[in-house]
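Given below, in the form of structure tokens, are the structures.
Common to both upcoming complexes is chain A, partnered first by chain B, then by chain C.
On to the complex of A and B.
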């Protein structure tokens, strides 16, 4: 069982003293609270992942298949020949240490193997042993070591203590993308059935039912109907969205978390209100009902399989282009992989806003536009009537999601949208935002319940920056554009900075949006009374 | 497995307090589970929430949105937390199987949704 989470003041005492022994001679210790439970056989079986069996990382025996070393080395040889980036990243690090103190997990845990350079070295050492002449001949002298059971456990433990956030890569003079090394580490261990259930469960759900949570089509519809009731309560307007409608101009895809859990539900209400107000010709889909992609945290092939339904549904419905909701890793996948995996989407058109006429040239290849790009364009062209004073009780800061910031350079649009709908906006310190943003600490499928110790350690640098603006400016709202952020920052704020609430950006938009025919707003989307409207 | 005795009934619960066979459920069974969960009395407001959860699960195979429950049973927002402290207690009293880890993580405030 996971240990009890220490109190914040205890967890904030971070010991940066390295062990007395060298890193190769310091065996891995699998500590409770720092890892997620092993994947259940039924979830691995559902997607035909290898070595489906129940297993526990806390036990000595991980029930590996026979000849497992050969499986890993064969896969490593294959990926080295297939991905030039991986080969390059194995070869070129000079261990300058620029990345060492940039990782939120190192800052929060003090464990040297969470320095990105050393985490990568866990794999590079094995690479040298089997794939380089100096390593083969000189062994440890050349920084090489054999792939043993203990080394494999060390890989698994530390590659599941990296959120692939890529902050370290920003500081690397060679531009080594350490996230790609973690991705390979997960891909290789996945071949041995060493996945976590927190990832394997949603992957199986997504494969069988279309989304991570396992919402069935009529359940998705029911969730949205709940939102419509609340929207009617707040605005007096009855919205009637469509589902799986052929011939709609736009398909809308968003993470399924927003269809179930607060505060993501308020973000989803924001989309509904915005699209209604515009009279947008769009449809929801109960088939392509997941924007996120937990397959991305298992293997390239699985990510591709789960992603394929977005274009398939766009084609089936005959839409012209796609809008995607607020999500983090969803956008890394869409922006950098989707069109080469499952495209070309030549049956779609280059996205053009039917409201402003703006052509989204940046989405020429994927045909998919981020909702904050869409909304920022609407505001810039004066197409929305906004009353930012409705958000005057909020002092807002903005957390850049790692994937949208570093993965697609989406830095200005969310800020422009938030500043247009809120009068009180304050940035966190410069080295914690934009391309230097700190991870929430729970991305890449690490947002489970049993590893809260790890999550709160990793979430500490972000929380510390929030605390700074809370103390300096009285910030009480942390806005973001990511479903995992909405879920996990809520938990880390409750732990580290309890008086700061978390919201999606389109919740703020919808609260400020003046809709045609609406009644006087006295409540926000959370059904909380707006300041000054207490008597209504 | 735990066997709970209540007003002459013997009810099988699993180690976490979920009813082993959801078909065994009736209002008397609900009272037995409520006692096991240290929920003092199944008032009408509480029973309305429980019945709604059961009906919803039977139809949609999922945990309903918390705010939606309150709207549907005409109670104040956050009614489930107000009535039961922990929404999972209400779910157990409704005799329903343990939700998936993502739902449980969310309901516990650990932000589990993916």
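On to the complex of A and C.
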């Protein structure tokens, strides 16, 4: 599929004219390049999901279970009674259109069903038909329609074209969050076995093996040991981290993606170097070896099941508190869900930095601190020896992850860290950062390879803002705090803004970090020679 | 089609009351002047309460504010206490800004694709301005109407009236809000028709209230400035209605004038329609979990009333699966 991806200037020709026919009369067309492969039966069975079967979205027949309409409507009634957000957002939209051009998928595709309001109407129309009097009586006139096979396909297509980024919700006068509706849409499709394999696979892996990538315990250890060799090459320092160690003060949890592929691996090296330099009493876990949560892209229940491992492992190991690595949706989950699902974490202590003595009051209940909060505090208290000039060949900009921006408000901490370790920092235009940040285009488990059209379309607004600072300031490095970003922005930069590279924030930190007993640095963590050190 | 349907529904309603009121039959007038307004108001009140109670019955399982500013972290990082509140006070201010000033709509941008390709995001405050103008003038007009329901007109009403007709002499004073509401509703209608995306998402249920409100405003304006009605009769009727004295207003019903019945009937329809429609956003905005919750879920545990135990893959099961590999890699295990 990737071979068919049009050239960037082709893809950037976007037609915003809505079709002649009304949206209810425009049947969904499942276009190649815009969707991910269907979930394999074995991955759904691993987590006891219903209606597991092999199926293909490209085929006419999705092999739906009998009585599927009943299953969906029953689930809908159930969720309406459980989530005020869902019920309210079904009722109060005035279709003002303020959210319409705020979605990166609409901006990048021009498809009106990618306007948040219309994405939500896809579900609302069914809600009206079965759950409201005007909809029952007036039908189409009241914007109501029946739940048919085609409607279900349309749901599936468009609810897996929403990254639950919540940008729409920032602009809506009632705070209507289309992500909440997408989540419900995904819950319903999961009841029918209609997931994508790019999500179902990691979920099954994470459930059985502890992380999305399915790295087994010994592999986690050996991956990290591999990084240690590189670190030794760069710094001359030998680091010996511990795994599953009881009695450590801190448990460290980060997305497994960082153990696997560049440039996330450099971020993982950054963590290892920082913690070593501090002499931090911490441990990695192979059981709770995933910070991210692809379960969150299937159903609330699955998300809770995967998330439970973090507290369970903290308890088993007897640590005092937890540090979480750089990841976007991981932090939405940790900030807004974890304690509610799997707390109270009364067996842990209120996090207190052993280096600075700072008590992390804002995490006093979950007991989990974001790594950039931890590092910002270290820098503020002068506990790190830094040489930002080692990053002088970089002109850095920063991408706020949707989730840390709009589901947490972690805006200044990463900026403070980056500005402390880099001399050249430039912000992207104001309407594309902080709470108005644009999604990388591939969140919520859409970062597969068969849906590159979709990803590049959705990634267009972010990439375009990067291009702006590249042209204006010569920016060549896009920093972020998200493992998915590190993978997806890399692809989107290669496509849209080829001369910009992507890195995690702690890669920059580690490059600038002057470690005790290190040899003169001539290479960065990528084993590339630092400018001015060519002769060495 | 949707537009025409909504338009003709309102026209039909006008013709209906026109036909009724011109008969001069006192029973018909009693229907339009007393029974329907009561029924409409009762529907509004009960319906509104019912809807809000229905929403309230669904719990808020998770603390999901949309954070639009810096979180609370260290004393040396300035928190945005309003856009990312961690206290109830912050939430109250955030909600007040949302309800009274339409804070989120104020953020509105217009995304444009230029050559290059280059995306630009221009500020676009027209929707915000029209929305604000519409809602505020509606409210002020509503408050002004209080004078009809009370014997002695309170001084606040006088004050509002004089402010609303600021800098004018002559009779009758033209109320600014009358002009504003007509302009704002017209703008809201036109953008629905002419902006292709907004047109594409619009339902009949979006046009109908606009026409209805336009009808109410026009009939009101006609009555005030052009077609005189029997104002004493109107006041008697209004006071009778509010004091639940059903028979008192009946005396002068025939004198009042048809245009008044049109005005009143359209208002009745609006009230009765309200609880069944998107107009419920008026109540809903207060309940929106992305706005009315503080972002303190790492500080205070939020409770989900239906949280239930789930099936998890325990560490023991995991170790069972991997014990040999773990031992071989030198990883500690619970059971040798």
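As a working rule, the second predicted complex is superposed on the first by the 533 of 536 C-alpha atoms of A that agree within 3 Å, B and C clash if a C-alpha of one lies under 4 Å from a C-alpha of the other, contacts with A are read in each partner's own complex, and residues count from 1 in each chain.
Operating definition for what follows: a contact is a pair of C-beta atoms (placed from the backbone, for glycine too) under 8 Å apart; a residue touches a chain by one contact, two chains touch by 3 or more.
Just so it is clear, the structure is predicted and the values come from calculations on it, not from any experiment.
**Q** Let me test your reading of the model: by the given contact rule, A:226 touches which partner, first (chain B), second (chain C), both or neither?
**A** First partner only, chain B.
**Q** With the two structures laid over each other on chain A, which partner does A:431 touch: chain B (first), chain C (second), both, or neither?
**A** So A:431 only meets chain C here.
**Q** Applying the touch criterion given at the start, work out whether A:257 contacts chain B, chain C, both or neither, answering first, second, both or neither.
**A** Once the two structures are laid over each other on A, A:257 reaches chain B alone.
**Q** Please indicate which partner A:81 is in contact with in the superposed arrangement: first for chain B, second for chain C, both, or neither.
**A** Touch status of A:81: second partner only.
**Q** Count the residues of chain A touched by chain B and by chain C, then name the partner with the higher count.
**A** C
**Q** Would you check which partner chain A:368 touches, where first means chain B only, second means chain C only, and both and neither mean what they say?
**A** After superposing on A, A:368 lies in contact with chain C but is clear of chain B.
**Q** Could you say whether A:212 touches chain B, chain C, both of them, or neither, answering first, second, both or neither?
**A** Touch status of A:212: first partner only.
**Q** After lining up the shared chain so the two structures overlap, which partner does A:14 touch, if you call chain B first and chain C second: first, second, both or neither?
**A** A:14 sits against chain C, while chain B stays out of touch.
**Q** Intersection of chain A residues contacting chain B with those contacting chain C?
**A** 216, 218, 222
**Q** Can you name the residues of chain A that touch chain C in the complex?
**A** Its residues touching chain C are 9, 12, 14, 16-18, 22-23, 48, 80-88, 91-98, 100-102, 107, 112, 115, 117-118, 121, 132-134, 141-143, 166, 169-177, 180, 207-210, 216-218, 221-222, 243-246, 286-287, 301, 304-305, 308-309, 312-313, 316, 334-337, 339-341, 343-344, 358, 361-366, 368, 373, 376-377, 380, 405-413, 416, 429, 431-432, 434-436, 460-461, 464-465, 468.
**Q** Which stretch or stretches of chain B touch chain A in the complex?
**A** So the residues of chain B in touch with chain A come to 56, 59-68, 71, 77, 100-106, 108-114.
**Q** Under the touch definition given earlier, write down the residues of chain A that touch chain B in their complex.
**A** Within the complex, chain A touches chain B at residues 197-198, 201-202, 205, 212-216, 218-219, 222-223, 226, 229-230, 233, 255-257, 260-262, 264-265, 292, 294, 442, 445, 447-449, 452, 483-484, 487-491, 494, 527.
**Q** Which chain C residues qualify as touching chain A in the complex?
**A** 5, 51, 54-64, 66-74, 76-78, 80, 83-84, 86, 98, 102, 104-105, 107-111, 113, 117-119, 121, 127, 131, 195-206, 276-278, 280-281, 284-285, 287-291, 295, 297-304, 306-307, 310-315, 318-319, 321-322, 325-326, 328-332
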